[in-house]
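I am attaching a structure below and will ask some questions about it afterwards.
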């Protein structure tokens, strides 16, 4: 479904991604791991259109992605969340979802909005101001809700679990699993926590210094000494 | 044809020097505070009016009136800064509107104080011709202030790149927080850049008073001219201001000579829009203006 | 919601009934109110672009002037009926706004000043294209508003109803968009543009739509004014006044609310003409400048939220 | 919305307070002029003349007193219309004022609607008097300015003239009228428009100097244009025999402030400077003006004074005949036929003054000498001469 070939991104003299090749099929759940600064978020930016690669090709269901502006990629079924939640300013939680549905999915369906609110557990806060009325976990849930409201085929989750307490994390993981199973989505998830990746993913891709250094099952990955060296070396305590 | 073009370019270069004087202060404040001071033209005009009062009431030459103008303009410039520093949010746009309002206040204050009559220096010395090689004509005022403009551009550039204060100003403009960590007080440097802008406005005002005629609505037109030049120059490029100003001056003079005087402003504005849309970082600058 | 409806109805009754009843016999008060409403219409259009589009414009005079010229010339040269020509004036301004669309890529202050230059170009063109616009000599005796069903709209009171309807229609359109998905998306775009685009919002296209609509409203108001004053010349049609006063009015009233620009325009214009002018015959605009500056410093959201705060009303998101 | 209602309550109160004022005077004379904005300077100049006429009238006619009510139209047509409507509501007897054809046009139409006599000297375009307005009167016109300028140029016997003109309405209109008259008389004319303001005039004058080689340059502009053009001329020194301008040039103020710059330059002027007032009335005018404003009256003051004086005389006649309240003022004014400071004034059916002819003055040392027409001349013209040929 998603196909990246030799993607290279650089800022000034720095190379953020070098020759990244990656393929993700429908209904796949892929973990994206690697130390800070490895290029994970940059890769999301490339897929969602916020960053422009210097070289390489990208296609989604055989459509050339790189020619499409950010908003058009949402409409062909790519959704993402931000590491730092970005609730839409000046709007309520419900209005956030309405905007996502109207423009991302291209239609209005009030019942579906209610379902999503239910799903992400924000039904009671639907009329709160999204920017200043929510707790962190609720902000993260809203990020996922917005992404779902665009009715995507592929969803990119950027550290949606980071910063949550254990209980919240567990609940969230349940949600993600349900989402994957019920909606039949392909998911790429950036996550630091090994347990989470092990519990969620069928496949894990490791980025280090902008390069893909491994693309295996999570179990294999965490037995791979090269991966563990780069991984633990950069994130002490992980 | 050739002679006409040559004189047009010469006049354009000299006018460019004067435009640069008008624009430098605006460009400096813009570069340091990311604030477009829409009252800058009024500061220039204020300097000119102070020189007028000094000439009429104290019977001193406009050149001798520079210190007096400097004091008045600097005080007003600092006042503008103090008001600006009270803006808490959305500084970029709110400062635009605030200085716009201050411009209206200053224009009308000048109208109340100096009336709507047209003023210009009565000292004819400035208006005598300074002829170069029998073919290039200019007035003394133009030549003097062209040279002043060159000196001030060089001085300002030197100050910004070499002196500690100047470097502090640049540091604040690129990263306020980092500059604070390095022991630079951003408020001091911002006041400083406003004071220097006041100084530049003063010289521009004296050039204006000795070379052209003034009346209260002129300030707004000066601000627009200054802004156009700042955009042409590109963010934070001081030598760019001089080049951009000359480009405008020459374009205008050539338009007058070979097309029509009525289209003079049109030429400048089309140039401005073209640069803004095609090369938003300015002709001589970096950075970005796109959203 | 109930209360809002009652107040809206009260408003309409006040303006369609009470104001004409109170001032209808004093021509100059009505004509000053018409002038204030002309500013109000432009201010609403300006605020629509500013609040929803997130773009501050210093060049609405361009749209005002284009609307005025298109409408005046269509009635004078092509014999169009006045109201059809006024609509065409709005359309003309919309078309003119297309030319400035490349500037939508520019950040706030740059857009503001690009539009300013753009307005300057229109003034010069109107002076130079003598064959069409009669240049600096201007257009005299432009047809006035027609008589409909025995009611002469060309009188001051007739014009009052016309401009009031135009302004209220503009406000209704503004309010409607604000409460639509498009309005939500636009409001969200100010602070969180990337997050909005990620959801599929075509931000530039929406901004362009607001620009076209804002130009349309301004063009209609400009066209109305041409037929009301019955005169045009380049300096007047493209005068900076059509930019300055709406900005002052919208900022003063509060450009983030629908009623703010309207209140601001009436307050500023009428206070200026009837109070400031008698206090300070020369240079009374100084008070306008000071009001603008004070408002930005004390209450950047304007008079309406300030008064609202006095009533202890809490502001809700996007209502 | 509640806030909005509250705002209106405040506003309405202010409005009501501001409206309730009308004083009992014998007559109230209305006037609207641009006291601020782009035309502020000329507006104030004309207003001074109107005020002097009112003061003198009150001194001469103890029985009837006139109060002048002036509203600043801020150089805006809409505000001028509102001003006329406001003055009408305050029952002024007539209106004297207005500057700029573009403002006088709509304002005088508003006056006609209110059946108020409107007299002006601030707009010279021919279209103003072609509208068939019964209540519109004007003491000057482009024709009269053109006659003076072309008459002078004709007397000089020059062959080639360059006209540089401000692209505003009145200056363009005058430049075209003069161009046509001169061309018809077989003089070679070229003309260049400029955008008024504070531009550098050297490229323009250089163009004239190098391409046109005229005998004479005619400037149709305003004060700051003249200063700019003359300064450019002073630097470039084009080889011409004379330089001529129109209004705002052959004035005492220019002679005082820019004496060197304006030497031998011609401009329209009704009176020489220092003014040599022949009639007792003119002397009184000049004295009163001096007393009130501390300066010699300029042409704007003269026009404002003359139009207002003629109007007030007609008001007095109509009042004595008992026709004032019955619309007799316009008829009475139409009967005017008088020698005034600005020459003979009488009105045709359009309210225009066909007798109007300007005179031309030349700056000579500390004086402005009238040099055309011959019967009004106070001295001989110095020709050929320019400020830079001394």
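Each chain carries a letter (A, B, C and D) given by its place in the written order, and its residues are counted from 1.
Here is the rule we go by: a residue touches a chain if its C-beta (ideal position, glycine included) is under 8 Å from a C-beta of that chain, and two chains touch if they have at least 3 such contacts.
The shown structure was predicted, so the numbers you read here are calculated from the model rather than taken from an experiment.
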Leftover contact groups, counting everything except chain C: A | B, D
{"item": "Euclidean distance of C-alpha centroids - chain B vs chain C, Å", "value": "32"}
{"item": "Centroid distance [mean C-alpha coordinates] between chain D and chain A, Å", "value": "75"}
{"item": "Mean-CA-position distance for chain B and chain A (Å)", "value": "50"}
{"item": "Approximate Å spacing (C-alpha centroids) for the pair chain B, chain D", "value": "36"}
{"item": "Sequence positions of chain B contacting 2 or more other chains", "value": "108, 111, 262-263, 265"}
{"item": "Overlap residues in chain C, where contacts from two or more other chains coincide", "value": "124, 127, 282-285"}
{"item": "Residues of chain A touching at least two other chains", "value": "none"}
{"item": "Topology of the chain contact graph, where touching chains are joined (line, ring, star, complete, other)", "value": "other"}
{"item": "Each pair of chains that touches, named by its two labels", "value": "A-C, B-C, B-D, C-D"}
{"item": "Footprint of chain D on chain C - complex, ascending", "value": "4, 7-8, 10-11, 14, 26-29, 31-32, 35, 38, 124, 127, 135-138, 140-141, 156, 225, 229-231, 233, 235-236, 239, 241, 253, 259, 262-263, 266-267, 270-271, 273-275, 277-278, 281-285, 303-308, 310-311, 313"}
{"item": "In the complex with chain C, residue positions of chain D that touch it", "value": "1-8, 10-11, 14-15, 18-19, 35-36, 38, 40, 71-72, 76-79, 81-89, 102, 105-106, 109, 114, 125, 127, 131, 167-169, 172-173, 195"}
{"item": "Sites on chain C touched by chain B in the complex", "value": "56, 102-103, 105-110, 112-114, 116-118, 120-121, 124-125, 127-128, 193, 240, 244, 247-248, 251, 282-286, 288-293, 296-297, 300"}
{"item": "Complex contacts: residues of chain B adjacent to chain C", "value": "36, 83, 86-87, 89-90, 92-94, 96-98, 100-109, 111-112, 220, 224, 227-228, 231, 262-263, 265-266, 269-270, 272-273, 276-277, 280, 289-291"}
{"item": "Chain D to chain B touching residues, read off their complex", "value": "36-38, 40-41, 44, 167, 192-195, 197-200, 202-204, 206-207, 210-211, 223-224, 227-228, 231, 234-237, 257-258, 260-261"}
